[in-house]
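Structure incoming, see below.
A, B, C, D, E, F and G label the chains in the order they appear, each numbered from 1.
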Amino acid sequence: MKINNIILRTVAKLVFFIILTLAVYLFFAGHNSPGGGFSGGLVLASALVLLFIVYDIETIQKGLPIDFKLVAAFGAFLSVGTGFGALVFGANFLTQAFDYFDIPFFGEIELTTVTIFEAGVALAVVGVVVTILLSISEDE
Amino acid sequence: MSTLVLAIFIPFLAAAIIPFLYKYIKNIHVGWFVILVPTGLFIYLASLIPDISGGEAIVQTINWIPSYGINITAYLDGLSLTLALLISGVGALVILYSIYYLSLKEPIGTFYTYLMLFMGAMLGVVMSDNMLVLYVFWELTSISSFLLIAFWYQRKRSREGAKKSLIITVSGGISMLVGFIMIGAMANTWSIREVIAEVASISDHALFIPALLLVLLGAFTKSAQFPFHIWLPDAMEAPTPVSAYLHSATMVKAGIYLVARFTPVFGGEAVWFWAVTGVGIFTLFWGSFNAVRQTDLKALLAYSTISQLGMIMSMFGMGSAALHLGYSDESMVYTGATFAALFHLVNHSTFKGALFMVVGVVDHSVGTRDIRRLGGLITLMPITFTIATIGSMSMAGLPPFNGFLSKEMFFISTLDITEASFFGLGTWGIIIPIVAWIASVFTFVYSTVFVVKTFLGPYKEEKLEHPAHEPKPGMLISPIVLGLLVIIFFFVPNVIGKNLITPAMSGIFPTFAAEGADLGTDIYAWHGFEPELFMTIGVVLFGALLFFSRKYWSGIYNLFPEKRSINVFYGFVLDQMEDKSTVITNKYMTRYLRDYMVYIFAFFILVVGGTFIYTEAYQFTLPENATISVFEWLIVLSMMATGITILFAQSRLTAIVLNSILGFGIAILFVLLRAPDLALTQTVIEAVTTVLFLVAYYFLPELEKENTSKKTKSINLFISIGVGVVFTAVALGVQGNRGFDTISGFFENSYELAGGNNMVNAILGDFRAFDTMLEVVVLLIAGIGIYTMIRVKAKKESDQIEDK
Amino acid sequence: MNIDATIEFIAALFMLAGSIMALISAIGIIRLPDVFTRSHAGTKSSTLAVLLTLLGAFIYFASNQGFYSVRLLLGIAFVFLTAPVAGHLITRAAYRANVKMADTTVEDELKEVTDKVKEEAEKERSETGEVIIEDEKKADKEHSE
Amino acid sequence: METLVTILAGVLVTVATYLLLSKSLIRVIIGTAILTHAAHLLIMVLAELKTGTVPIVGEGDPVDPLPQALILTSIVIGFAVTAVSLVLAYRTYQEIGTDKLDELRGEPDE
Amino acid sequence: MIQGMLTIALTFYGISICISVIRIIIGPSLPDRIVALDMVGVTLVSSIAIISVMLTTTAFLEVILILAILAFISTIAFSKYIERGVILEYRRDD
Amino acid sequence: MPAQFLLNVFIAVLWTLINDESELRFTTFVAGYLVGIGIVFLMHRFFGERFYLSRFIALIKLIFIFTRELIMSSKLVLGQILKPKLSIKPGLFKYETVLQGDWEITALALLLTLTPGSVVIEVTDDGDAFYIHAMDVEESKDILLKSIDNFEKAIMEVTR
Amino acid sequence: MSNLIVMPMALPVLFGIILLFLRPYVKVQRGLSLLVFVANIGISAYVLHLIQQNGVLRLDFGGWEPPFGILFVADSFSMLLVLAASIVAAVCLIYSFSSVEPSFEKNFYYSFVLFLIAGVNGSFLTGDIFNLFVCFEIMLLASYVLIVFGGKKRQLRESIKYVIVNVVSSWIFLVAIAYIYGSVGTLNMAHIAERVAENGQTATLTVVSIVFLTVFALKAGLFLYFWLPGSYSVPITPVAAMFGALLTKVGIYAMFRMFTLIFYHEPQMTHTIIGILAGLTLIGGSIGAVAYKDLRLVASYNVVIAVGFILVGLAVATPAAIEGSIYYLIHDIIIKASLFLLVGTMIAVTGQTKMDEISGLIKNHPLLGWLFFLTTLSLAGIPPLSGFIGKVLVGEGAVEGGAYVLLALAFISSIFVLYSLMRIFLTSFWGETIISKDEEAPAKKGWSVAMCILALGTIALGLGAESMSVYVQDAAETLLNPQIYIDAVLGEN
């Protein structure tokens, strides 16, 4: 008797989007409440892990044809790049800049290089976690 | 301006150029170019004789490492000049000889490179005032000697000989270096002249005697003194010009030079006297005694060299007694020994150089040096025979050769020293002339053996590789010159005595010279019927007797069989060292991770725990704790139980489930400890880790029961508890000893400073963003690294070779 | 007692009720005879406990702080969505891994079907080299003694 | 509470140490994971405990946020290291066919 | 009063966790342990909610969600492992 | 059906614009949306479909039914756990459902599993039958079958 | 300007990442990584020069003043080490060009090398104790990957032990950081030093210092070196060279920093322990160096000996001793790289790993032979090569400090060094040439270029010791007067 994964797959689709949303939320919320690049990235990674468990790697990669190694590298590049970015402005390495802007509809918005930095962190986390799991799973 | 320093470096320069000369000049023997170096140096140095003999010393300095007072100071006084002339003079002759000795088929470029390296180093040794620079050159002589001994490195014996000489001489050198460092620390200078000037202030220092012994160790090893002499016979694997030059005329004299140089520092100490004299006298005897039984001509000469070096050494020892007394008429008597030592040093170079060259000639001619195969060469090689006879008779201390003069002076010194009433010489002093005399008898015997066995008796052509014949005339030039010098020095000894040795004496007895003492001695062949003459006559008579009755008493050598010799002992020590090191190292380097863990944890328990107890760090009172709610108790207890259960987990899945529980437990503790970000991250990481384990489990085997012995288990348990206890104890100690507020108040303004309300996030993203950035890199390395580890797999074939 | 305090009391009551549910479920987990019955207590009775507790917390924050936590509601929804899936998956896994059913089990209509499954699984596992079933049986034996 | 958690950390260290002394690579790796847990608890405990609110501006007088940031960093590093060790372990098993450390000694040189 | 109720509730949750941990420890089968593990996750979710209320902080509400999600992911990972011996497959035929 | 929703949103936006307040307010939008609901309900027959919010009502009904079942069966299971002497007789039986499609089957399975006392262990390949483990077959199978029936109907109201 | 001092770490990190995107372009990867190291050589030399003029430099990351942020501190000691590390890295890279398999190059080999060096340089430069931990981890993780490059059985077997041992030592490091933070409430090393000095080094702090000592002893291979020979003898040659030259040095550096800047108040306790450990290390290393015939093991035990030797200087802690240790550290970085490259090349050329299986190599590879000879002499501290001045100064310090046992062990160990390596030279290079030239793997040019640079380095360092003295003396002065460092960090920028 074959395994019928209908229940799991149906729920997983739903859950995946919940987690995804949560990941994005955590990423942006980190500034003022728990969360941030690491948490956001990790949660995002775990969402992908869920998909990989429920489906199979080939299926997911077809829908998501990304080289996660490069995602990780790009993330790290963003983080390190923020460090170098400060040099352009003559500031000390890794000096973060932030300011508040008033934007219609959204109210006061904070724009900060930390966000770029943390985006790097998040991407790196996602990239690495997925790279690790896929590398092992694809081993012959 | 710094011509003298330059003189030292010219041979090095030559050494650098020779390989190119050799490569590009094919038609002419490179030796002809090389010989210009020592010849030029000799002429230059000789031109300095008038200055030096006038009592001047030349000092020139080139800075090397001035910050540490390590400068190349060339210092030329009588002592240095004497040796420098020997080095360049004999050097020139040896090179001349080698041009005929070494065929063009040999890698002579390399040969002369080494030789020039040696010559420069040797000049450096005798002309350096700075102890450390002296050491630099000292080691260079050892190395060049090593290279020359192993010139025919394809032969195992060459390699062994080179190795032995290197180990012994370099070890001695290192010991000498430590001695120098001690002297430097005491006197606060590296300059030998300055040390000598300040010797009064350091002679009571606790390190004075250790330094003395260490320096002597260097001297003894280099000059092949008993029991370090064993390298010298093996060094005879070198080409004969090398033996003539390094291993009889010059390098082995470096140790003697060192003793002479440091006599003003250490002379007058009983330890110095007995060590130098005693070792020297015994070496004199031991060398001569063993020379007799040799069947290889070069080996015979090697032991002879050992013996002669011992003799010179002992004379320097006896001479040093003068410094014990200070400048007085009585002490001046003892300085005679030093004078004799210096004189014999020169003489030995002439006759021994000649003899080695003779052996080379014979070897070259008939293809063997074995005296059992030789004999009757007198008619076929008359010139060679003549030189051999001159050399041997000088060596045996017979007139009219220079060896006679210095041997007589030696006997006088041994007798004089028995008169002394200090250093326990009243009781033990008498041993010195007795041993000296016995050794001289053996010297006579082997000298006779050398000539008789080689040149007299029946000619056994069938045992030779080639029929005997005189060599090319060029090959004989150098031995003839040396042989002539042996005779010339006998007749006009005072030319050297006045111009070189007397100034050298001032260097050895500077305090005496300062007080205007006449340190020179007129050398006479005829002293009248004094005890020394009778001693010489006795030597000849007994020597002759022993020579002819050899087969009756040679059984005595069985008392000193090969298998109990120092040589064997040396081999045994090395073998044992290698074997035992393997055994010892294998014993603890088990290549078993568990043992490594035991080492780490045992270290942690013993050293950290030990310090904890030793420093009484356990004396603390715990600060007031936050109260513990029932929930917290339950969580902590559950975690403890979970942790302990992991130890008993039979399956890896159970283990990882338990680990997950621990992770959740940590997360809830983070919640209880007000760390939401941590709880968040911990939870996700824990789950991802679990997935990771499960993914990896696919490739891993199931847990098996650890069939460890009860004993191992209890050791493991003991260690584990120990680590836990130390860990906890120190943690509690730290809690009980908080001295400062943390710097965290700063971060409470995270909103104003970094625009974020979440302090932890502000720290990670801004205050300590550098950590975070690097952490991302760590992750990246792990991620890409894992990909790489899985992708890069060994090819099967190459694995087999490498995995042996 | 003002209205806020009453609401907060009710919230606390919800939470307390939830904890009692959880406690009973926990007892079930220890008392019930096999993994299938335990999963009834473990994965589902506790769901009710979560429902009550999170609801209580939601009410409390709403009343006390005027804070309507969508996250708490999302949490409830999430637990409701996932708890049954988890329960379904564990029991299915347990069944497929041949975990023993309680002796009191009265009927098993799946058995005849799974005999076939077992064969397939056996085949597959022998290919992958995994020995989970055997091993768990062993562990099973060890612990039930 | 500090003392209790310290002791818990100590117990975890003991457990982890015992695991690190095992033959099985999996046990050893789990041991390292537990060690990391203990270290994190220690860092928490050695900061000022429970005397404040969560370290978010506006919540009140917060606990020390710095150790939390350190632990966060350490958690992530710990994950990276665990992943690497696991992969090494299985690669080792793949190539050599054992995960028993006493069988992974290799040959002595002589 | 409310604090007291919450403390009791939290204690009950603590006891539930303890009991579940006991089930994890004694097993006997792996699914038993997973059931209990899942239960611990859910119980912790509730506990954190109560702690949040006791501390009157909303800082842990994210943790609640995350814990619920990851307990779920862990559970399905374990289940799949028990069922199939592998949790991430390159290609699945069913 | 999405058309109905879009129309509703359009009405809400229109409402907001018509109001032409000095600043944008969310409440205005909500009000507009409510007005829209009324309009769309009246007009839904033009689309030839059900009113799109009727599913929402059915969903609420489903939740209500479920909560009732949940509490009932929880009581049952908790009661059994707390009985001094366990007297349960668990069992595994097959149930063939009339529901079809991923979402329906999943929903039923979830609801069944959520209510204590029953777990869906397997879904057959073609998804037409469940194997259900019941904690106490003898006592609760009938009750269970009844609530399955309830669930099936409620689910269909939402989905069809 | 002070941003310059982050470059020795930031550049390798940045380019390590960039290279990940350039996977197929091996030539570009080579060029960029070499460029990074050459730039680092230039930067570190320039910064070294700056330090002599402006004193200790610091860079507060993000502009956050110490002790709140993280900062890099460049004093002569750290910068000398960075310079030496950069040179060695560049050389090993050059060696890699001609020796590393193309498949490795395509699998991010150069990135890992860059990361490794980034970690090493970061460890030398950081002024924050936790950041030191992170830098260590960068270095370690890169080393975990590099050690196993090739995936051979031997490599896997040893690397798993290497990883676990390092995980445990990193754990102890973390624990030590927890203890120190618990004790003094700060992470900035200068600030820790100030606080420790302020209240005195209490018994607890002494215990904590010993925990740190345990960590660094493990990393440096001081007494706890059992993991070292196995690990250092398995990686591919250029990696082994970087390991042998650099990794233990980081531990040694940390020990010097800790026990001169922070924990120098109770030397009769701490420095005595260091002395004892150094002595035991010298003995163990010496015995090990002559125990085996495997070339790589001999080289590895020589690493151990050097560790013991350098720490004799710290144990004695007189100015001469510290200066000597610094000289010796730099010397050892250069010469150990040389030794491992030579040994690796010998193995590559012959396919044999044991010295008695190789014979007469000098005939076909004279350059290799003479470089080996030179390296042997340099390692034994034979003048005028680079080991000499360090040896003399440490000896002088030991004499001044009355540490005669250590003095004896330190100098006797050089005899063992000489013996162990001369044995290789005698048996493997000299002797009958068994293998004919065409049977051997050809030695490529890049190999010899790399080794010649190092050989020139050891000669130049020995002959030109004076040119370094001003830096070394400044380094030692800063180490011995912690206030200089503290003022530079906590004073106004």
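The criterion applied here is as follows: a contact is a pair of C-beta atoms (placed from the backbone, for glycine too) under 8 Å apart; a residue touches a chain by one contact, two chains touch by 3 or more.
If you want to know which protein each chain is, UniProt gives these names: A = Na(+)/H(+) antiporter subunit B; B = Na(+)/H(+) antiporter subunit A; C = Na(+)/H(+) antiporter subunit G; D = Na(+)/H(+) antiporter subunit C; E = Na(+)/H(+) antiporter subunit F; F = Na(+)/H(+) antiporter subunit E; G = Na(+)/H(+) antiporter subunit D.
Model, not experiment: these values are computed from the prediction.
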{"item": "Minimal step count in the chain contact network, chain A to chain B", "value": "1"}
{"item": "Intersection of contact partners for chain B and chain D", "value": "A, E, G"}
{"item": "Required steps from chain C to chain G (each step between touching chains, minimum)", "value": "2"}
{"item": "Chain whose mean Cα position lies farthest from chain F", "value": "B"}
{"item": "Central chain of the complex, centres being mean CA coordinates", "value": "G"}
{"item": "Far-end chain from chain C, centres as C-alpha averages", "value": "B"}
{"item": "CA centroid of chain B to CA centroid of chain C, Å", "value": "77"}
{"item": "For chain A paired with chain F, centre-to-centre distance based on mean C-alpha positions, whole Å", "value": "33"}
{"item": "Averaged-CA centre spacing for the pair chain G and chain E, given as whole angstrom", "value": "47"}
{"item": "Junction residues of chain F - those touching two or more other chains", "value": "109-110, 120, 122"}
{"item": "Junction residues of chain G, two or more chains touched", "value": "13, 17, 20, 61-62, 130, 134, 137, 141, 144-145, 148, 151-154, 160-161, 164, 168, 175, 178-179, 181-182, 187, 230, 291-292"}
{"item": "Chain D, residues touching no fewer than two other chains", "value": "20, 25, 28, 42, 45-47, 53-54, 56-57, 66, 72-73, 76-77, 80-81, 83-84, 87-91, 95, 101, 104-106, 109-110"}
{"item": "In the complex, chain D residues that touch chain G", "value": "20, 25, 28-29, 32, 35-36, 39, 42-43, 45-47, 66-67, 70, 73-74, 77, 80-81, 84-85, 88-89, 91-92, 95-96, 101, 104-106, 109-110"}
{"item": "List of chain D residues in touch with chain E within their complex", "value": "53-54, 56, 59"}
{"item": "For the chain E and chain D complex, residues of the former touching the latter", "value": "55, 57, 59-60"}
{"item": "Chain G residues within the chain A interface of the complex", "value": "2-3, 6, 10, 13-14, 17-18, 20-21, 59-63"}
{"item": "Complex contacts: residues of chain F adjacent to chain C", "value": "70-71, 74, 77-78, 81-82, 86, 88-94, 109-122, 131, 133, 135, 137-138"}
